[in-house]
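Heads up, the thing below is written out as structure tokens.
Labels run A, B, C, D, E and F following the written order; every chain starts at residue 1.
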Amino acid sequence: MSEYLLLLLGTALVNNVVLVKFLGLCPFMGVSKKMDGALGMGMATTFVLTLTTAMTWMLEHWLLMPLGIQYLRILAFILTIAAVVQFTEMLIRKFSPALYQVLGIYLPLITTNCAVLGIALLNVQEQNGFMHSLLYGFGSAVGFMLVMLLFTGLRVRLALAQVPPAFSGAPIGFITASLLALAFMGFAGLTAH
Amino acid sequence: MNEKYAHITREGLWSNNVVFAQMLALCPTLAVTSTATNGLGMGLATTAVLLLSNVIISSVRHLVSPEVRIPVYIVLIATLVTLVDMSLNAWAHELYKVLGLFIALIVVNCAILGRAEAFASKNGMADSALDGLMMGLGFTAALVVIGGVREIFGSATLFANAHLLLGPAFSFLEMTIVPDYKGFLLMILPPGGFMVVGLLLAAKRVSDQRRAARAQLAAAEVAVN
Amino acid sequence: MNIAHSPHAHAPVSIGKVMATVLLALTPATLFGFWLYGWPAVNLWAVSLIAAIVGEAFVLRLQNRKVRTVIMDGSGILTAWLLALSLPPYAPWWIAVLGSLFAVIIGKQVFGGLGQNVFNPAMAARVMLLISFPLEMTTWVAPAQAPGLLESLRITFLSQPIDGMASASLLGHVKTEFTRGIGLDQALTGYYAPMDMLWGSRAGSLGETAAVLLLIGGLFLIARRIITWHAPFAMLLGVAVPALLFNAIDANHYAGPMVHVLSGGLMLGAFFIITDPVTSPNTALGQFIFGLSCGLLTWIIRTWGGYPEGVAFAVLLMNAVTPIIDQYVKPRIYGRDRKGVALPAKKGT
Amino acid sequence: MKLEELRGKLAYQGLLLGGVALLTSVALAFASRATEADIKAAEAADLKQSLAQVLPGEYENDLLKDTVTLAGKEGDVLVYRGRRAGKVEAVVYRVIGHGYAGNIVCVMGVSREGKILGVRVIAHKETPGLGDKIEPAKAKWIFDFDGKYLGDPVAEKWAVKKDGGVFDQFAGATITPRGVVNAVKGGLEFFAGNKAQLLDETGGAQ
Amino acid sequence: MLFAVVSLTILGTSFGLLLGVAARYLKVEGNPLAAEIEQLLPGSQCGQCGFPGCTGAAQALAEGSAPVTLCPPGGRAVVQALAAKLGIEADLSGVEEKGPMIAEVKEEICIGCTRCFKVCPTDAIMGAAQQIHVVFREACTACGKCEAVCPTESIKLQPIPVTLQSWHWHKPLVGESV
Amino acid sequence: MKLFDLRGGVHPEGRKDLSVGRHIRVLPLPEKLFVPLQQHIGAPAVPVVNIGDHVLKGQLIATAQGAVSSSIHAPTSGTIVALGDHVAPHPSGLPVPTITLESDGADKWIATQTVDDPFALTPEDIAARVGAAGIVGLGGATFPAALKLNLSRNSGVLTLIINGGECEPYLTCDDRIMRERAAEIIEGIRLIALAVAAQEVLVGIEDNKPEAIAAMQAAAQGSVVKVVTMPSMYPMGSEKQIIQVLTGKEIPAGGRPADIGVLVHNVATAFAVQQAIRYGRPLLSRIVTVSGGAIKTPCNVETLVGTPVRELIAFADGYAQAATRLVLGGPMMGQEFTDTNVPVVKGTSGVLALTAAEVGQAEASPCIRCATCVRACPVGLLPLEMAAHIRVSDLSGAVDLGLKDCIACGSCSYVCPAHIPLVHYFNYAKGDLAAQERSKLKQEATKKLADARNERMARIERERAEAAAKRKAAKEARERAAKEAAEKAASETV
């Protein structure tokens, strides 16, 4: 139990996907302008990321590995991710327009969120078991959502600040992200002890 | 015609630069740019995929139906990426070890699918090829600049290990700027990556503004004369 | 016609006065640091201030903004001062210069200057220095070996090694000993003398050691209504409570509340750093939550993290949470309930 | 039927995606064939190179093929053996030390006499600029182990100077070198404890 | 090799089918956005935006082919409403608030040609042939159409004078002056 | 009595000592009076006199118009010399419709109706007489008093609060009137209580006015009126705040005191009510504090409505030193004026001439988020956040933060170390929102008109088409008929 907790903590804080592993930066920089958006994106990502880590694990262990065709991994994984994402989108859109209002517009962006494929591939690389993979995916998604929310809060505040014209918008966004990454370095070594 | 090509070139290299204007493909941009060499390697690998994917997609665009458009493009891109992945693994193993996961992640590089959607699916093969090449080179340039800045300030070298990663032919690039530099770790660590991109973005903006102002001034002068 | 809007009276306050009051409150602890560590400390402090002023003036000039008014508001000076107080006293000059420039330029001016930044500039600079130059930033000296002026110049400006003066800070020492498998009891002997800790006679950053003087400065600020008690009190609480709890469970592994409260940058942090108005929440409850979380994070990083001290990291992390705290912790508006719905119209008492 | 009409059909969409998948997988299969050998070779060369660093000199056999797996303190240890004239002259294996920020993975080469031929750190998370002086590219410290064995120095001197040993620590960083010294010492003890098997002299028990 | 080809083909085909089916049966009809946007526009159908009236403008906005700053009569308020609706950030710098205007007839030179009367989209002009025309303050949107057609230039847009009721405090000018 | 806490609030320097020591004096009759038609909240009054008319003191010269309005009476006897625009006590400085009255020096009253036992009147009657006397709230809001009485009577009042807070610095007019006319005020209060059938009557007075408290207590002896001492703090006198402090209740957002069974009136209003009921005197004058560091002899003056301010300043012996700012009302909520011809109106509580040191103006610097303003706001708002949103033109963001609950008390601006004109931002935003609201209404109206026109056009088109079709059909029918007839004829002939 405490091992799993440490794993979650480690993936969410210490080795944060965005700030340390550098995955999922495009939506991180792009979507985080409004709190609702960040929350929607975070939830959508959590859903898809958890689902796809499970699916890709099965794909890897029940299809690619037994058949010895690991060289098709990238192809098979991305196909699965794209299909899951698109299917989820259509489903939500049809059956829960309210949820679609919240999550819908972010779903297509997730296909090209490299955190999803990245985590799936890392799971293979690190030879994680099923449970471990799932937690890894979920923890990463939580970490993604966490920094996304923090960053959005900061940017909402920056939107009211008198940032010099040369820096307003994206440049100050990056510098803020830089300082946020600096802060997250404080978690280093937290799970080593 | 020439003007069109010039336009595509300008868009790719500067005004619609993948990193500095579109703000896409940020993950590799930050993850592999601790040195200029890494940036160059990553940029070239991405350029190859971008060029090929644009060519292939523009040639099959009429066959593809809208419902499965995205999956088809993705499959095509993934294949190209796998090819690059295998080739690097086989013939540029050192580079492959450094870039690691991020080669595979070229698949989800939003810029590639973005170009496929926005350009290749609407334009002819030659145009698409040029667009892919220029976008790729623009991306490469961005990575090299970011990597270069981080490397110079971080460890006072430039293109370190180029011969190891890219092959002996590239050893001419290697430079040591300050021989016994203490090292400024911030630059090499994640926060430094974000910071350098932020500062470069601001620099690009100032330069664009200066240029616009100069153009305006020139126009005004012409009007006066 | 330019008609002035009401009010036509104003309390006798200004930003310059606020900053000057904080500087005044810091003076005793700073002087104590000078006395304790000698001339190198003075050099470092002076270099920090000069670098901050010059750096700020330079970027203001670049933007064609009024240099004088901004420098004179004293906030840049305060930032550099606080940064200096959090540096190892014998650190070389370039550490101070780099830190000050980072603080006022990246930490503050690129955001638009005073009041616009979201992270505490002094702490951002300190963390930047710590991760970039861990050696220089973790080289401490034992107090009361104050070198002469000439030697101090060598220490600060030529970065000459300080043979025989090196010493470990309490938290750093404990962390090192733990990795050797040595328990707290043994590690603390010879290192922890409560009275010395209280007065500040120990190895540490330039201005963080004098717990009593810092406390007095803090209380002075509370009395002058520059800060409120919420954040500092909550931060001390946030460190002391878990320390007490875990110390009761395993005394040989977890230091007690007194050790935690009196060591590291906690006192300075609680009264002068987390109270930075710009980067902390703006309601009393928000500040309490902010302080408590800063304390908890500090204790967690000290206890389980990779760094011996966590005040600066905790502050930066909570700076990032501040906008969210501000968004959700708001005062109740007159005539409305907490959710903002108008109270029901009802008569009777 | 025109292409336009066809594109609207369900079957077309399924077949299109299937067809593309088919084509690409064929392409990949061929590519995989073409690169497989080179990839293997590159990986092997990689490993060899790192072994060579701690096993200077020439050995007649292919180190990668002559291995034995033994139980060590931290789990199974894969040992590569180098022979000259059929005799195991040197062994290489991996040891793990506990550093400041996590594990430090080293490989060490030991001669049949029990002398250290070389130690290299292959993975660590120590602080750059402080703990990373264990990398040969940053400092010569790691070469201090060359030629040492259990006995030179004596067991209690197998420690950093701060702890009363002979090995230097780095200014402001004791934990990292302490971890490496302990790991290497452990590695020598492992060698001493499993000498017979390591040197393939268990009396033909293979 | 065979495995690879077969399995990936199956994977591809099935996903393709799935998506095709999904696209067909899960389709959502229409784009209600245009209608919602039209609600936000002034509705005076004046055509200053370059589209044939507000409906056209709304269509273009919904498709994203027109900027939210397209409607001059709407002013800042409409720009902000549109930006909020479309979830984008509006660049207000280009939107100049002209200040409220109104058409006024110079009675001396109005010849009662009824041209203005015919073009006014809100029926703000009263009068009949050969009579002097007057403009209703409450109905005129200052679209300027009448001004454009008047043969004698007797109808002109004028700023509405400020009254005690319409006056309000200006925005405070603060910040260091450069 | 147990008091409840006031949230926030500030302690501006009182400076009441400047003027509080002098007795109320009556200003000599001015030569010309400028009586604006709008001296109250609501619609302006409509003049009922013409140029050249001679009027008597107390004669109705402009009558209330619409639901919320108040009538206006001649402050003295004389001749109407103009009905036109005159500079108004308004920050816009715009000229407003004003009746100009040239005094004849006789100050001759119109016949007034005294009532010997006012407590025998019915509540309705009292309200009617208050309305006829043109009484508006003298505490600052100038809401027509009769309307408040009627509203409260209809909804039932548990507590009548009489506001003797006078929390604004410098102002001492309420203090002086309580000291000198306590008996009349208490009678007025009892009349108001009667008019609304109040069960409890509280007079809240800040503890910095001990003489007034003593005088009022003495006068209230034996009546239901209870005099309560409140701590001195700004804005204690604000309606919402005094209710909170005295009763612990809060007016629901967007509501009125009547919603929680409370009515608040100012002490001077109570005095005016007493004068109107007992002596039939309409509201013609009020006590005005003339004060400020630049005034030579600060004092309280009983002044006729319409008196140009310059006469008041002259009456206080003019300036002692250069005044940087002239203010009508108190320094916290009053408004600057530059033209000393502006007339005193019913709501004018003070005329201040302030020195630069007193104003303490400084250039605004950026907000350091010190939250001093948050602590000062008596309403529980976040002034810094609201101002930040307004600065970037996000008015709806400011509304979400509670802009509409702001009472514009100025506490936040007063304490802001960065000297940010916070209330100015809020009033700008409120004004701009109101303007937007107006233009939206207009837009909706024009939309209807446009639709109507389009429909009409369509109808005309349709009718034209129909008419054309009908004509065509008729023609065809005719032709067919003709043809048939011809055929028939032909067949017949066969």
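What we mean here is this: contacts are C-beta pairs under 8 Å (C-beta built on N, C-alpha and C of every residue); 3 or more make two chains touch, one makes a residue touch a chain.
Since the model is a prediction, treat every value here as computed from it, not as a measurement.
Trainee: Going only between touching chains, how few steps reach subunit F from subunit E?
Mentor: So the least number of steps between the two chains is 1.
Trainee: Please work out which of A-F and D-E is bridged by more C-beta pairs in contact, and write that pair.
Mentor: If we tally the C-beta pairs in contact for A-F and D-E, the bigger total goes to D-E.
Trainee: Computing the C-alpha centre of each chain, which chain sits at the greatest distance from subunit F?
Mentor: When every chain centre is compared against subunit F, the largest gap points to D.
Trainee: Could you put a whole-Å number on the gap between the CA centroids of subunit A and subunit E?
Mentor: The mean C-alpha positions of subunit A and subunit E differ by 39 Å.
Trainee: Could you put a whole-Å number on the gap between the CA centroids of subunit D and subunit F?
Mentor: Subunit D and subunit F have C-alpha centres separated by 85 Å.
Trainee: Determine the centre-to-centre distance between subunit B and subunit D, using the mean Cα coordinates as centres, and give it in whole Å.
Mentor: 34
Trainee: Which positions in subunit D touch two or more other chains at once?
Mentor: In subunit D, residues 13, 16-17, 20-21, 24-25, 28-29, 31-32, 100-101, 129 touch at least two other chains, as defined above.
Trainee: Multi-chain contacts in subunit E: which residues touch at least two other chains?
Mentor: Where subunit E meets two or more other chains at a single residue, that happens at 4, 8, 11-12, 15-16, 19-20, 23, 169, 172, 175-176.
Trainee: At least two other chains touched by the same residue of subunit B: list those residues.
Mentor: Residues 67-68, 71, 75, 78-79, 82, 86, 182, 185, 189, 191, 195, 202 of subunit B each touch two or more of the other chains.
Trainee: Within the complex, which stretch of subunit E touches subunit D?
Mentor: 1, 4-5, 8-17, 19-21, 24
Trainee: Could you list, by residue number, the parts of subunit B that touch subunit A in their complex?
Mentor: For subunit B paired with subunit A, touching residues are 23-27, 29-31, 70-71, 74-75, 78-79, 81-82, 85-86, 101, 104-105, 107-110, 113, 189-195, 197-199, 201-202, 205-206, 209.
Trainee: Under the stated contact criterion, what part of subunit B meets subunit D in this complex?
Mentor: Checking each residue of subunit B against subunit D gives 62-68, 71-72, 75-76, 78-79, 82-83, 86-87, 89-91, 93, 97, 182-183, 185, 188.
Trainee: In the complex formed with subunit A, which residues of subunit D make contact?
Mentor: Checking each residue of subunit D against subunit A gives 21, 24-25, 28-29, 31-32, 100-102.
Trainee: Touching subunit C in the complex: which residues of subunit A?
Mentor: Of all residues in subunit A, those touching subunit C are 35, 149-151, 153-154, 156-158, 161-164, 167, 171-172, 175-176, 179-180, 182-190, 192-193.
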